[in-house]
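Each in structure tokens, the structures are laid out below.
Presented sequentially are two complexes of subunit A, the first with subunit B as partner and the second with subunit C.
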Partner chain A sequence: MMDSTPILDIRDFSLVFDTFDGAYHAIDKVDLSLAAGEAVALVGETGCGKSVLTRAAFGLVPSPPARITSGSVRLDGRELLGLSDRELRGVRGKDVAMIFQDPMTYLNPVFRIGTQLTDAIRAQSGGKVKRAEARDIALGMLEKVHLPNPERQFKAYPHELSGGMRQRILIAMALAAKPKLLIADEPTTALDVTIQAQILDLMAELVEDMGLTMIMISHDLGVVAQVCSRVAVMYAGKIVEDAPIGQIFDAPAHPYTKGLLDALPHPFKRVERLASIPGTLPDLLNPPKGCRFAQRCASAHAACDAPVGLRRVAPQHTVACTLFEDTPMKDPVHEH
Partner chain B sequence: MLSIRGLDVHFPMPNGQVVRAVDGVSLSLKPGETVGLVGESGSGKTTVGKTVLRLVEATSGEIRIGDVDVRKASLKGLKTLRRKAQIIFQDPHSSLNPRMTIHRAVAEGLILNTSLRGAALHDKVSTILESMGLPAQFHHRYPHELSGGQKQRVCIARALVLDPDLLVLDEPTSALDVSVQAQILGVLKDLRITRPALTQLFISHNLAVIRFLCDRVAVMYLGKIVEEGPVEQVFEDPRHPYTRALLSAVPVPSAVKRPDRIRLTGDIPSPTDIPKGCAFHTRCPIAKKGTCDTIAPVPVALGPDRQARCHFADHTKGVGQE
Partner chain C sequence: MTRLILKRLGMMVVMLLGLAIITFSIANIAPGDPARLAAGPDATPEMVEQIRETRGFDKPLPVRFALYVGQLVRGDLGTSVYTGRSVSDDIAQFLPATMELVFFAITIAIVFGIPLGTLAALWQNRFPDHGIRLIAVSGAALPMFWLGLMLQWYLALELGWFPLGGRLGVFDDVPPQITGMITIDALLNGDPRTALTALWYMVLPAAALSLPALAAIIRVNRAEMLEVLGRDYVINAKAQGIGPLRITAIYAQKNAILPSLAMIGLRFGWMLGGTVLVEGVFDFPGIGLYAAKAAVSSDFEPIMAVTLILGAAFMFTNLLIDLAYAVLDPRVRNQV
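The block that comes next holds the complex of A and B.
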């Protein structure tokens, strides 16, 4: 993995929603970059902008009301911002695939699984793949995602399958075109814990065996722990911390990351009190000039009123907090 | 305080099949105790909670709250009963009337059930809302003006204002973000101290939340309680293979790989077609042919308040432990 071009390189990305009350600053100057084969988690609570970021980068947030005000999004070196809708459609599905929380919503209830899979595969190839060939690819993918009896499920309708099986089918559909990047937006949130564990195992296996590059969006640090090697924590439209998974759990730096971890009840430890984060999200119609977390932060001080960028605290660990000094180090994130 | 004996709740379907949502559940809660009911979707945990308050009619069995036989209670008896037993649901937004201020929503129970009126009523409602962390400026707002966590506080206040003896909580934090969930869990934990006599049945699929709040836990699978016991004992030494699998599937916020991984294959069978013998044998890693697929296991007592419904509950100690 010495290739220095990241698969995905988002730089200085800002987005506002134009509303009747003014501009809502949903994403503010976000940098996020993924090397080939890397699985990165994007973690944050409702409204932090994690889903908007990954959708807007690939042209999936309608404009208006959304307006990208700065930045660049490069996929394998190619700039995506400014591409036409038609060009973006060629990127999505083929180079970037996505799976979402509720698999039922993304399957058409009146078509058989097999039809939907082969149609998707043919569309991804721009019609070059013949039906019979698409069927072979589809069956091969269903085996890769360990769907039992692929031949039989091929004839089934979505309602005849369980939630876990549907999610496996969407993963198969997403990966059939061998995309450069997979975006998994809360892929297990709608599933029961034992089924969630199966799907997480599958995703970890795909990252390891297929060299899949993935962004996994979740609100649950426990869920991403098994699959991802790096975590970016988002709060109110900004990435506040970006670090290898071990460091997030063992040495979290940002007060918000610490707050999130302390708020989680633990199944195997006796905990008497959970720390909760006081207050609510800032008003993003009128966002604070400085740190967006400052008004809820116990460690806030005068310096927090000024804008704060990401500071490097360890070779692959950056944090947007005035409590830390920037330590310059050579070749940061993409060294493996 | 609450005693459930041999509870069956069966729903007939138009095609002649029967959904056995709850199948022979027995559970009793001592006064002041908080008991967790945990299971995956379709396990019947919510149906148990609703049947306790007779929001769903049982098919057979007995439910007693204090000295009231819930299934035999008259309409008038039910009114008294619902004053003494309250329920809180997962989604606070759909449990609140959008056209009532939250002060009015909390007052309603008092108006219907007590003779409290005027200033005394107003003060009682204000006091309870404030004790739930909702200061006076919120009291005359409508539900849509509050956040999810604030709305859940209103629902808790509304349930508590009648001084119930029993509180059924059905996934009260599942719709909330982690930091808000932590606040609500704090409010609920405080109740253990401020209202020591309150008995709580806490229904959840989240084992970490159960561990945090409950004294005892009952694990349900396909309508049956498969394991029951004090929370520490069940979590540290699970004896039913389903409990073990469930615990090992919980995502833990730690980068260290879990040594106790047990993965169940396949999905939960349909409750219209529950497997013969032990309902879990189709997914069980230790199922024995000839035993588990033919003979239904009975609960094996493993200690005071501790039992597991498995043929091998005695032999599984220490298997798959951390």
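The block that comes next holds the complex of A and C.
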């Protein structure tokens, strides 16, 4: 946070999908900024645009149908929007690495683990790393992610390994080039609970060891609490709250964030049913002009029909809700 | 792997026996007195009776079938009334020509079909895709013999680019028979010019024969490529910064080609059957033309033999296809 340039700085980012029924406003004027070494969680329900945001920013969403309509994405000060495919390819893998939800489907079933790892490592280096060298790096990485018997797994095919092992391999692949930014897109959702805990431990360890800057996408606040220090809550293509993790749990501001927390099971409270948020996502072909959550919100009132931006309620805590007044404060993250 | 091959070869014997039952039944249920047919039109009743006895036509059907199978096991396929020679000699002469033609045709179908299918998928719903799909639809719709006639009329007769028919010109040296395939025999004989000429003679019949298979391979590869290019492991490869050529031609293609392989095996069988039509159009002295002439003169032993031989060739090709499957897909390899 001492560093004045954030590693990732997304400003005013909007994206639509062109469909037969018109433009689907999937992401609307999103701001998200990460300082070096920060681990930020991006949470929200399925379909809120978390994955699209982080993939589109690095050219991984096919266009058409996707179209970026406004904004800027700066990685370590370098603008990414408007780069050619070739230039973006140089950024992906090398500067920005991604790990994904389902380790079962993100490895190619007909190539050996070793081939896929060395290919990725060579691509990340822009072809500068020789095959033998890439093999050494890959084996080193497999040890780093605590994969037993790296030499043997190197010759294995994906279907011969368990989900947890495959996720370790994907993590090794992503981190081999020591990227500036890691995007972990629900890395534990598809794993069973004990493996989930192991992978989360591993990620926490790697974030610490390698000084990684990371966005972790999740719909599970319990998972992100173990790894991240800050949380950005996304709803229907907008960021509605952005705060340190402690504040999200102790003093959530946005009614949607409160709803998410109420939906978490509590170990010491017996309840008949977990709370849920009534209603569904708004129609993003014709999104509401004002707050996108208003139609599901118990506290909605007349002012919610007007557009609402992020308001500062505490030094590092912003919320897009009319219930709060903007209090200008110095914030080291958003200061340039 | 060896066990798989042995098992499949064993199954082939059983299937061939089944095929023999079918062809034998058809030949014997067909109207007409086999003894009279075998004796020829000018035979006296005594001669017919003598043939009935020596050839066993007076015995009950099951006994005759057993005799027939015994004959097959000894490699005796009977005698052709039409050529007056033993069927095995005829087949040894005509089968290599057909195999040469069919191999050439299937090679055309694969060499053009796989890349065209891939290109159509890459340019889905754009101009190249429409053009390629036109080929695919025509290939499925146009009858082989009609296409053969059109090619012959326009490219051979009108433009004179290709010979009208046959295997070689009158003035070409026929290489000494080794495999019976002229291109290979000529190359073995150190005569590449004759090999090229023979290839030249096969272009039109092979084109007519290959178009339906080409169309099928395009359709299957296009559909499969579209599917595979959207798979998670392709997204992961892109996220690693791997280039589009490598992703398409290697990462995606090795997955997408598997259903095309099955299609190739199937189409190979159809092509063998198609030679009956195409060899007739191009007066190509292969087994198809031989079978057609035998059928016209109710010469049953050659028909039965050709059916068995083509059936065996079809089964053997599909065994090779299954082995190719196992080589390309490690998941199949582990099941066997």
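FYI, the second predicted complex is superposed on the first by the 327 of 336 C-alpha atoms of A that agree within 3 Å, B and C clash if a C-alpha of one lies under 4 Å from a C-alpha of the other, contacts with A are read in each partner's own complex, and residues count from 1 in each chain.
To be clear about the criterion, contacts are C-beta pairs under 8 Å (C-beta built on N, C-alpha and C of every residue); 3 or more make two chains touch, one makes a residue touch a chain.
Source: prediction; values computed, not measured.
A.B. asks: Kindly say whether there is room for both subunit B and subunit C on subunit A in the superposition, answering fit or clash.
C.D. replies: fit
A.B. asks: Is A:178 touching the first partner subunit B, the second partner subunit C, both, or neither of them?
C.D. replies: After superposition on chain A, A:178 lies in contact with neither partner.
A.B. asks: Would you sort A:123 into first (subunit B), second (subunit C), both or neither based on which partner it touches?
C.D. replies: Only subunit C is touched by A:123; subunit B is not.
A.B. asks: Counting only touches as set out at the top, which of subunit B and subunit C does A:131 meet: first, second, both, neither?
C.D. replies: In the superposition, A:131 touches no partner, neither subunit B nor subunit C.
A.B. asks: Of the partners subunit B and subunit C, which touch A:92 in the superposed model: first, second, both, neither?
C.D. replies: second
A.B. asks: Have a look at where A:222 lands relative to subunit B and subunit C in the superposition and call it first, second, both or neither.
C.D. replies: So A:222 only meets subunit B here.
A.B. asks: See if subunit A has more residues touched by subunit B or by subunit C, and give me that chain.
C.D. replies: B
A.B. asks: Which partner does A:100 reach: the first (subunit B), the second (subunit C), both, or neither?
C.D. replies: Touch status of A:100: second partner only.
A.B. asks: Looking at A:201, would you say it contacts subunit B, subunit C, both, or neither? Reply first, second, both or neither.
C.D. replies: Touch partner of A:201: subunit B, not subunit C.
A.B. asks: Looking at A:159 after the superposition, I want to know if it touches subunit B, subunit C, both of them or none. Which is it: first, second, both, neither?
C.D. replies: Touch status of A:159: second partner only.
A.B. asks: Of all C-alpha distances between subunit B and subunit C after superposition, which is the least, in Å?
C.D. replies: Minimum C-alpha separation, subunit B to subunit C: 9 Å.
A.B. asks: Quick check on my understanding: which residues of subunit A belong to both its subunit B contact set and its subunit C contact set?
C.D. replies: In the superposed arrangement, which is not itself an observed complex, subunit A uses no residue for both subunit B and subunit C.
A.B. asks: Note which residues of subunit B are touching subunit A in the complex, please.
C.D. replies: 40-41, 147, 177-183, 185-186, 189, 205-209, 211-212, 232, 235-236, 245-255, 257, 263-268, 322
A.B. asks: So in the complex, which bits of subunit C are touching subunit A?
C.D. replies: 231-233, 235-244, 246, 251, 254-255, 328-331, 334
A.B. asks: Of all residues in subunit A, which touch subunit C in the complex?
C.D. replies: 58, 60, 85, 89-94, 97-98, 100, 102, 105-111, 119-120, 123-124, 126, 157, 159-160, 170, 173-174
A.B. asks: For the complex, give me every residue of subunit A touching subunit B.
C.D. replies: Those in contact with subunit B are residues 45-46, 148, 162, 164-165, 192-198, 200-201, 219-223, 225-226, 245-246, 248-250, 259-268, 270-271, 273-277, 280.
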